[in-house]
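Common to both upcoming complexes is chain A, partnered first by chain B, then by chain C.
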Partner chain A sequence: MISPFLRILGKPGGYRMLLGGLLVFLLALVTITGTYWTRFKPDEMDFEHPLVPPKSAWLTRLTTTADGRKALMESHQNAAPSTSSSSVTEEGDDLLGALKEEEHPPTEASTAKVEFSALRDHGHVLGTDKNGRDMIALLVAGARSCFLPGLVACAVALGIGVPLGLFAGFYEGRWRMFARIFNGTLLSMPRMVLILVVICVLEPNVYITMAVLGATLIPRVSELIATRVRILSGMGFILAAKEGGLGDFRILTRHLFWYQNRAVFFIQFSLIMAESILTETTLSYLQFGTKPPDVSWGNIIEGSRLTFFSGQYWITFFPAVAIIMAILGFFYLGDGLNARLAYREGR
Partner chain B sequence: MLRNALRSLVFFLGCLLLVSAAIFCLVHLTPGNIAEIHNLSPQTAHVLHLDRSLPVQYLLWLGNCLRLDFGISTVDGTPVFALLRDYAPTTLFLTFGSLFFSLLIAIPIGMYRGLKPLARLGKALSVVVYTLSSIPAFVLGYVVLAVAFGVFHSYITTPPEGPFHFWKWTAYYLPPILVLALGNGSLGEFVRFISLEAQNVDAAMFIKAARARGVSLWPHFLRSLILPVFNIAVTNIAVLLGGLVVVERVFNFHGLGWLSWEATLKRDFPVIMGITLLMAVVVRVLMLLNELLSTWIDPRLRQ
Partner chain C sequence: MKVVEEKNMHSLLDIRDLCISFERDGSGEKYLHAVNRISLRVDPGEIVGIIGQSGSGKTTLIMGILGLLRGAVPGVWRGEAFLDGKSLLPLCGEYAEEKSGGKIVKRNTPFQSAQEKLLGDLRGRDIVTIFQEPRAALDPYFRVGEHMLEALRRSRAPGGETELRTQGIELLQDVGLVDAARLWDLHPHQISGGMAQRVMIAMALCARPKLLVADEPSTALDVTTQAKLLELFRRLRDKHGLAILLISHDIGVIQEISQRVYVMRHGEVVESGETREVLENFQHPYTGSLVKAFAHFEHIPATSIANSDAVSLLEIKSLRKRFQQGDKSFWALDDVSLELREGETYALVGESGSGKSTLALSLMVLQTVNGGEVLYKGEDVLKADKKRMRALRREIRMLFQHPEAVLNPGMTVGAILSEGLEKDGEFTRNEIDQRISEVLDQVHLDPSHALRFPGNLSTGEKQRVTIARALITRPKLLVCDEPVSSLDLAIQAQIMELLREFQGRLGLTYLFISHNLQLVKLLAHRIGVMYMGRLVEEAPAGGFTTEGARHPYTRLLLASVPSMGDETSRSICAEFPDVEPVRLEGGCLFRNRCPWYLKSRNPECENKTPPLRNVLGGGKVACHLAGD
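== the complex of A and B ==
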């Protein structure tokens, strides 16, 4: 069952394709099924456990500094008397005890044990942020909010870029002139700044922002397709198709696009997804993309600025890892497919 | 030659005109009146020509821009030109610094990868480079900050004052420059492009001839690689300028990227229009120079 997947490895770009495909598959799986298996909802605030570290000891140690743990313990000590003293929960005390234990650790193993038993009950495996929202739920919600806008960007970039490239390559003349001017205009503004102008003026939701990102990617797609089509349309099979009486529409859609350029289409789809996840998280980090009540990996990181510098960086760490994984997944997938295409066409 | 130059010049002017028209339309054709959005009095609106028809407004705006008068900020009334003048040096420094560093890293790796495509080290290096360059700039910025705080227990947050002091300047400017050079997607692009070019040059007849004559190959290689490298650097300026918005925000640098972020947050239309126009002009001028220079240096491109 695994062997067809392993057979890819022998081909050029195989490792990248397999790795990228796995990561993308995981991301898609999390996006689609995430809400069914997460224990908490992303908007559910657990006020009794704000800023609890990840559940397993090694993750806690990886994502905090000693100063951070100390500060955390002190804040819990300060918070405990002020909250209605009768309802200080068992877990809270346990957590406190565990953190205290950790401050003067008897042995490494017993610390981990105590911490684990203390933090087991509240169920936040990757910890919580400063509002007590569960990190896993936030990560799943973030995966959703980067996947769908990415598809919008792809739709715009490929939906306009591919026809423009086909026309510019096939008809030459006016279409080519139009494409050149259109691309030249779009390329002379830095992408991020153009998006900022649109955000400044329209204050749009994230889908329209991503459509603008798609528009800024049109030049790349259309130029790529146009150069390929220009070479192809002088070849024998296109001349034969014209001689045989096929209409331009059929030649363009079937022979030039589907038979010759669909690989480019899928490669660009993958690369644009990577680009749009990058842009979406970046914009959310700059407070312009997904706005705070909704969750995006970028705005989790933006919200964790203060806790990051006080030494508890799991809130920054997990979204950052998620962003890198998602972008690398799409990037490697596109890159591997590209290497394979280049090999097939003998370049 | 002259015909080509004229054609590039016309293209340059046309693009800039279209860019300015696009920015103007974007700002003025939006739902809602600018005077109402910013609560301007009729007098102020009259001074800003907001009560004229749109084409007249566009021509007035364009004419003023040609005289370097980009209007005044709607937030605090500072002339936009003064703002641009104050914020541009930081941006200039960051842009060219990061361009220098990414070329410094990319040229050796790209050459090695292009000349020895099967070498393990080259493959590993290029994987590292691609991975680095697909990490978002702000995540990489956080990593750098974490290292600065965690390992060195400090990060200088104010610009160094007084006379030039090497270590102070390095400590302040190097982190954002490195983040911009490594993590903005341009490094991967550079390496890919340079390795392709090196491969092409390696297969060219004049290199074969030089090899047959037994002379040193480096002058030939470098001479034919200068133009492509300049080319890719110019085409990546736009990407770098875009990445500045993020890097300046993470590291709290007050440059044009920071200014555009702040203008967007405060909905300061003249400022963001000025920044976009300035960046478009810079990008277009560099591209024009690139075209003219390459046709001047390389006779093969004259047709």
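== the complex of A and C ==
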């Protein structure tokens, strides 16, 4: 069970591949299964518990004894009126509530309130944001909203770039000319500017934006593949495949793509995923990407802009960690694959 | 130490009990003994041969004593090597002395520049080396003249540039480059391989060396060029008293030129002595396998000599192909016509660049042609549509020269083999699997090979897989483009045996392309000779001898084949002028090398393309001057 992992570790790029693979696997797992095990929905607002810090739910339960909890319960019953008043305030303007929170640093009573709510098992393990939305539910929803647009970018970049590269490398003449003009045109436009222009002209839909990002990556993918194919086309086994009566389509798909370029394909896939996650979160933070009420790691951070310095670090911290882990995961995976491939070809 | 020096008085190079071992995994426990207890001696003015297959340690030995292995892999050295009484190994800087059981154990030590310099001086002056691929050894950015000047300066020749130039040109002329003044300003890519090899030798001679080490000097050259090179070696020895250590895997070359021979195998010398003695009365079975690799072929008559009334299977009619090379263009195939009968082996021979492979690729429709017809059973292959072509590709298959290039390294043998059948979807998986194990059995491979990758197979096994790859579609015609020339001698024999077996059993027809004339004589029924894109002679195998050949080019080819000091061959070779093959325009293309034309200056040879005409004995020849 463990031995294949150990064997990978011994190879060049093995650590990066394994670490990256694990992170990506976790991310994919969370994206796919998230809705089944999260306790709250991302749009479910728990008005009773806005801005609950993660520590309260997590640690109090572990550290306090049953007697201690009982004592806390009693003290809560005395402080009941203050809870209701605070929830009324939360129903008002978000911004105002947040400002209010800032104006009045938490008193002893409010601390007790928060700790008590943990004991009542409100279930917000990583706390809540200012609207009382559960952080875990938000993170899971955010994972989905960066994973799926990433796949769109990959589909465009690889779906067009790989065939274009194969054709441009394999056939002389028109295909090569077409690829040169097409890639040249795309390369002449700065990526961010192009994305912003498309956002301005069309409605700001994150999938369209990511498709544009994918399009800007076509030249890179197709040139990479075309160069390799050009070299491989002159080699004996391609001649032999023609001699064996294989059609061009089979030679392209089997010999040139699957047996010779699939590693490039997977490396590019993970690198483009990483880049698109970065772009998506950037755009969402700038409010050009995913718009609330839809959730993205970028707009969670954007929403926590005003509460970060008043001590509600968790709303910024957890999405940031998620972003870093996701990007690192994909980059490590691509980098490790790259090292592995270079090692294999060097032999 | 004194005793040792006295012993060395008369030997130029004396290697004693030399071992070079490489650490296998860096642990210092497992060693690969690349050179194992080798003792070797070269006397002044002697040509000594080392023969062995690839991987036998020939090159490691030479690189080792020249100090060129340093730093490649950590190694352990043992033994002694003297050049003219001077010990070489301490100069190699390879060791820190370490006494163990009276022997000196030598290990790689960090760079020692003083010793390196001494060795460098020795390398360029007393021992010089020439390598297999002459054009790779010349710097493409330097002109021939600059190479020569550099070599002369390095050998501390006195004089200014003009004097050195005169000296250099003299040296070039000395090695047979008559046109040296013109060559002086050319770049290496503008001269032929044979010329480049001579330039290398001229550079080597600048320093008036005592020993010339030639590492497979003729392997990359044509047989005619090789004959000239060997003649040059002989002359250098006689004229300058140069000792030559010749490394080769070609027993013919060794036989032709060397006085003594060392037979190497797995890093050990298995047999040594006078060349004639060793090769005639060999003691070791390995020497036997080298000498007699093809011996058993001679006793079996070529399978049922194809009847002249057998049905014609493939007919090539005036095939033409023009190649563009920069602003020049030339006919790679110029009006070639030939006919293959069912069940026969037709061999095509000729120097490199004669259009043999172009013909193969053209008739396989792997490249376009500029005219002509290829009739397979009366049907023009060149005009077949896609669907028909697929069917035809099953019946006409091809074997390539380099098996490792033909097999996709990412596919298993099974996947490679099944590809030819899968593509039409006519066969079920079971049938394909059955076919695979059947053909693997036919080429004497284990069915388990189907699961292995080409990278894990030996060269011989790879070539068997390519044969299986062709056989799996049950072909009628097999076009073999130098199928064995990249293989070791013993494996060559096995593969040839296999091909012959299939001809008898499956009734295959072969178009066999090779530059190895001895091989061709053993297998072929008829032989066609190509020169500069034209078929100049066609002869039945029996008439393919220096006496029977009609065309002067065929005579030259046959006489150039190295043989043991055969005087008649050498005198035939001597008839031909020592010129480089040039592409001529119009008339007979061979006339600049043809002794008959040079004697008679026949105007027909200049103006009229000689037609291929029938001659007595069942052959054809394209020469105005040849008799019937």
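Methods note: the second predicted complex is superposed on the first by the 278 of 347 C-alpha atoms of A that agree within 3 Å, B and C clash if a C-alpha of one lies under 4 Å from a C-alpha of the other, contacts with A are read in each partner's own complex, and residues count from 1 in each chain.
The definition used in the following text is that contacts are C-beta pairs under 8 Å (C-beta built on N, C-alpha and C of every residue); 3 or more make two chains touch, one makes a residue touch a chain.
Small disclaimer: the values here were computed from a predicted structure and weren't measured.
Partners chain B and chain C, brought together by superposition on chain A, fit side by side with no clash.
In the superposed three-chain model, the partner touching more residues of chain A is B, compared with the other of chain B and chain C. Contacts of A:A211 after superposition on the shared chain: neither chain B nor chain C is touched. Touch criterion not met for A:L26: it reaches neither chain B nor chain C. Contacts of A:L341 after superposition: neither chain B nor chain C is touched. Once chain A of one complex is fitted onto chain A of the other, the partner contacts of A:L151 are absent, as it touches neither chain B nor chain C. With both structures placed on the common chain, the touch criterion links A:Q260 to chain C but leaves chain B unconnected.
Of the two partner chains, chain C is the only one that A:G244 touches; chain B does not reach it. Of the two partner chains, neither chain B nor chain C is touched by A:M45. In the superposition on chain A, contact of A:I8 is made with neither chain B nor chain C. Taking every C-alpha atom of chain B against every C-alpha atom of chain C, the smallest gap after superposition is 9 Å.
Overlap of the chain B and chain C contact sets on chain A: empty, with no shared residue.
Those residues of chain C lying in contact with chain A across their complex are 364, 366, 386, 389-390, 393-394, 397-398, 400, 402, 405-408, 410-411, 419-420, 423, 466, 469. By the touch criterion given at the top, residues 65, 180-181, 184-185, 187-194, 196-203, 274, 278, 281-282, 285-288, 298, 301, 308-309, 313, 316, 320, 323-324, 327-328, 331, 335 of chain A touch chain B in their complex. Chain A makes touch with chain C in their complex at residues 235-237, 239-247, 250, 254-255, 258-260.
Residues 11, 14-16, 18-19, 22-23, 26-27, 30, 130-131, 134-139, 142, 145-146, 149-150, 185, 238-239, 241-243, 245-246, 249, 260-261, 263-265, 267-269, 272-273, 275-276, 279-280, 283-284, 287 of chain B are the ones that touch chain A when the two sit in their complex.
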